[in-house]
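Below are two complexes that have chain A in common, paired first with chain B and then with chain C.
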Partner chain A sequence: MNILVLLRMVPDVVEELEVAPDGKSLNDEFLRLIINESDNHALEQALLLKERYGGAVTVIAMDQPEIDDVLFTALAKGIDRAVKITGAEKGLTTRQVASLVSRAMPTTPNVLPADLVITGCQAIDDLDGQVAPLLAYDLKLPYLGLVTGMEVDLSARKATVVREYAGGVRGEFDVPLPAVLGIQVAERPPRYVPVAKVRAVAKSQQIETAAAGALTQVPAVDVVEMKKPEAAGRAEMIEGSPEEVAAKICGILAERGLL
Partner chain B sequence: MAETTTGLDQNSCDQMTLETLREFPEGRNIWTCIQCGLCTGTCPYGEHMDYPPRRIIGLLREGMLEEIYNSESMLYCVACYACKAKCPRSIDLTGILLPLVKEQVLIHRPELPAELQKALENMLRYGNPMGESPRKRALWVKTSEVPIRILSEDRRPTDVLWFVECYTAFYPRGQDNCRATAKIFNRLGTDFAILGNEEKCAGECGRLSWESGLFSTLMEYNMQLFAKYKFNRIVTSCTHAYDAFKYRYPVLGFDYELEHTTTYFARHLDKLKPLMTKKLNYTVTYHDSCCLSRHNGYYDEPRAILESLPGVKLVEMTHNRINSICCGGGGGGMWLDTYYKTKDFERLSERRVKEALATGADVLAVSCAYEISRFEDALKVVGGDKKMIVRDITELLAEAIE
Partner chain C sequence: MARNIWVLAEQWKGQISEPTYELLALGREVADAMGVSLEAVVLGDQVKGLAGSLGVADTVITVEHPALAHASSEAYGEVLAQLAKQKEPHAILIPLTNASWDVIGLLPAQLHMPFVNFCGDLKVVDGKLQAKCLLYGGKMEVTVTPETPAILSILPGTRPVDQGRADKIPTVEEVAIAPAEPHVKFKKYIEPEAGEVDITQMDVLVSIGRGIQTPDNVELAEQLAEQFGGAVSGSRPVIDQGWLPLSRQVGKSGMKVKPKLYLALGISGAPEHQEGMKSSDCIIAVNMDPQAPIFSVAHYGVVGDLFEVVPCLIEKAKAMKGS
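This part shows the complex of A and B:
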């Protein structure tokens, strides 16, 4: 089975995010990128499928700062190939990323045909989860998101996929292969790979590159303004002896008409 | 200067693997084991291990180490040096054999406890196990009452390069130690500076908690950083960093003079004594840390500081000096508390504070950056937080100096 995984980098919120002077993008001076969490689960799911059914896993990603670390880590975890798409502009929209990736796939040797194309079903900069369905649209393949597990029947060319909805509701779907799947969580937490192995892989294996095509998609959505959330309320710490605190709480409840 | 319990040629130690152990004198020494079991008897979690230290040596000698790789025994090793300290054959279990076995377990085990995995990933990405922004490492400096020089902003040579470390720099109660250290340096007239946000974890627990590659990455980074600046000595607040610098960094040429803050201040006690003007009125019991005391033999220096503090009475716990019981934070234990809880173990920090409470002391003095958080939490768990407070020796010293 051939599995293709799309990994994306997103802003790391451990660093405090600042709005750039243009008022509609993130200031990249201190911005650090990290692998999108559900993409990391997509990678884990691909490795689990490879262990279960055999085959090969190829990871594809846009060239961005720190992407090499992410790709060497994926190689150390057991993927077979890592391809990065180079030469694209910065600040692409989800529509543009999906378009560039879908057009790079057929032109990169031995990437297609794939039985499964999987990626995270959402990201902190793509909360409505558009990348994977747009990719499916461009590749003219069926799409299922919110995936938390799957069984594959290669001879019948189908996958039986578990999706998990809000409130713990689960649904099981059959989807013909090839298909694009948006992973919510892998069947197991993403594995740890020893740093020594990553260092050895970085010396012995190569990351392939593919040139990004021209941007043909005009963004369908424009960012008009970006700003930090404003504090709407605040907590008041009540201090004093237990009796004083109790009296103050009663006072506040009475004042608000709650007693 | 305290007697040290090493004797290792560190260069050879770093080249050793489980396959090549017998090519090195320290490795060959393992084959002299008489299977007396003192290591297992003294191991704080030995009773819970399927493969305690004695059996590990037995399996190694029979070429059957693979049996350990899929067991959880190594997760219970807190790298406290107790087995090494008690071994009649001076076999360095904590320094040589157990890290090599742990490394193999990490390669063979499909899953690590999530807390430990996160801490290791954080150390690699952010240079600290808690996953804080590296840009906030020196934020505490703003709260110091004395000026603190950061080398990246003022590159002039310094006498003391103070290596602050993670739990002191980020953890709010650790920062009390930072402010106290800065104050005492200032009163001593020490010419000191810090690395600020450039500093990353020295990585000692990375190696002892299975991750030699992570440790090498951090070691290479910090060695390049040291080479950027001119200084006479490194003084660190972290006993684990002290160990890393002393025993592991020499493989990359580390030959700087090295001290821990506790021993540095003990060395300057004659100058500090006249400054101690405040009477503290505490009964203090001291917890010997594994790295500073058992591994490096500094038993008397911390006690010398405590005994010189006005109004301090020092009382000893049942297990003291070489017999001290680990706080449970070493070797990755710092990030395995949830895991131990699921195993229904009594956590070592709780066992230790019960012993501290039994002395009747009102202060538990420590010298290792891990211990403040571990013992303060443990005191709350056992219901002793109204009877006893935890203070780093440096904090007590700063309190006595007005």
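This part shows the complex of A and C:
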């Protein structure tokens, strides 16, 4: 079973985010990029499927700061190939990324056909689109998002796929293969790989590259302004030592008859 | 050319969902500001009976077909593409929920329209749509003006549900479109296993997020919940790590809770989480990050280390109960 995984980088929101001088984008000077969380789950799901059904996992990603680390980590976890799409402009929107990647896939040797194309179901900077369904549309493949698990029947060319609804309810679907799936969460938490192993892999294995094609026109969404949101309501802040804070919180609870 | 505002009505188990009414209220404002009609579009197997509650819209457009029984992105896209070609709407508003997720994702490509995601509010400025969107887990607000016609996914909670309900009976227009059988076939719903605790019924929830750091630390939250006579719940990362069962998840994919006290420990408060807890009577948030979005919905906030605050809380609660 051949699985193709698209990984993307997103700003680490644990760090302070600043608006760039243009007032419309993030200041990338101090920006730390990390792997998109649901993409990390897509990678884990691909590794689980490889363990269960055999086959090979190829990871594809746009060239971005820190991407080599992410790709070597994926290689250390057990993927078979890592391909980096180089030479694209900076600051691409989700829709532009989907367009570039879907056109790079058929022209990069031995990437397609894949039985499954999987990626995270969303990213925190998906302003103008979601990448999984956009890929599915461009590749003319069936699509399902918010996926949390699956069983594959390769001989029947189909997968039984589970996706999330609300309130803990899930839905089961029949999906013909090949297909594009947006992964919400892998069947198991993403595995850990020691840094030493990643370093060893970085010395012994290669990241392949593929040149990005020209950017095609995609429907535009014009950003007028970016700013930190003004809190609609702002919490009354409790200050003091941990003991004082605890006493005040217990006081609030007591007033409300909860303690 | 009509250029009307559309709301794609969402159904959940045979009923119109609450976010649909929120969108009708929002869409009503936008349509009035533009001087156009508000139209609700209802797709499904048998949906005419649902149109009556959508009276905030001027017109309800219904398409009935067995292939539309579930929110199939393929079948919905095919029908909406044909409808949009006939009627040329100015904007299509869709609730940003898990039920509508796949339709939201595929429709912009199917209709070749611009798409605006994570929309927290929508206005008309100088005759044009202006959307405010929450990016980066709610840490940045982006103002965008899409080219139109456009598709916009709207975060829950933009307007009160009641504002989107009316006694008025809307005009219903039935349109016959027969979509192809979708390739992706819905088989069944899987109901959650009943948890040992129903977090929607608790007066007090001690809720933990990424800030709890390790599974061993969940015990600390358990101890505090015990002192408060409550239960421990969590945000998505804690559930995904398997540190708490799915039945304890609060938020868009999990439960909507309204306890008397919601104590958020190490939860940043992304919009998906806020959706599940912001109606709680009293919200107290403890977080290291003074910029955490949770402080915009909390009534009381503590910028600090939960591992310092929680042990003191346990001691203080014990002392107060003992006195």
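Assume the second predicted complex is superposed on the first by the 227 of 259 C-alpha atoms of A that agree within 3 Å, B and C clash if a C-alpha of one lies under 4 Å from a C-alpha of the other, contacts with A are read in each partner's own complex, and residues count from 1 in each chain.
Going forward, contacts are C-beta pairs under 8 Å (C-beta built on N, C-alpha and C of every residue); 3 or more make two chains touch, one makes a residue touch a chain.
These numbers were taken from a predicted model, which means no experiment stands behind them.
Asks: Just checking: does A:189 make contact with chain B only, chain C only, both, or neither of them? Give me first, second, both or neither.
Replies: In the superposition, A:189 contacts both chain B and chain C.
Asks: Given the touch rule stated above, what does A:89 touch, chain B (first), chain C (second), both, or neither?
Replies: It touches nothing on chain B or chain C.
Asks: Can A:29 be said to touch chain B (first), chain C (second), both, or neither?
Replies: So A:29 meets neither chain B nor chain C here.
Asks: Have a look and say if chain B or chain C is in touch with more residues of chain A.
Replies: Ranking chain B and chain C by residues of chain A touched puts C first.
Asks: With both complexes overlaid on chain A, does A:16 touch chain B (first), chain C (second), both or neither?
Replies: So A:16 meets both chain B and chain C here.
Asks: In the overlay, answer first, second, both or neither for which of chain B and chain C A:198 touches.
Replies: It touches chain B, and chain C stays clear.
Asks: Where does A:142 make contact in the superposed view: on chain B (first), on chain C (second), on both, or on neither?
Replies: second
Asks: Which chain A residues are contacted by chain C in one complex and by chain B in the other?
Replies: Comparing the two interfaces on chain A, one with chain B and one with chain C, the shared residues are 14, 16, 188-189.
Asks: Of all residues in chain A, which touch chain B in the complex?
Replies: 14-16, 30, 34, 188-189, 191-192, 194-199
Asks: Can you list the chain B residues touching chain A in their complex?
Replies: 103, 106-107, 110-112, 114, 117, 120-121, 124-126, 131-133, 135, 210-214, 216-217
Asks: Considering only the defined contacts, which chain C positions touch chain A in the complex?
Replies: 12, 70, 73-74, 97-99, 101-102, 104-106, 108-110, 112-118, 130, 133-147, 150, 183-192, 203-204, 228-229, 237, 240-242, 246-247, 249, 252-256, 260-261, 263, 268, 270, 281-285, 289, 291, 293, 295-305, 308-309, 311-313, 315-317, 320-321
Asks: Taking the complex as given, what residues does chain A use to touch chain C?
Replies: Residues 11, 13-14, 16-17, 19, 26, 37, 41, 95, 121, 124-130, 132-134, 136-138, 142-146, 160, 162, 164-176, 179, 182, 184-185, 188-189, 219-238, 242-243, 245-247, 249-250, 252-254, 256, 258-259.
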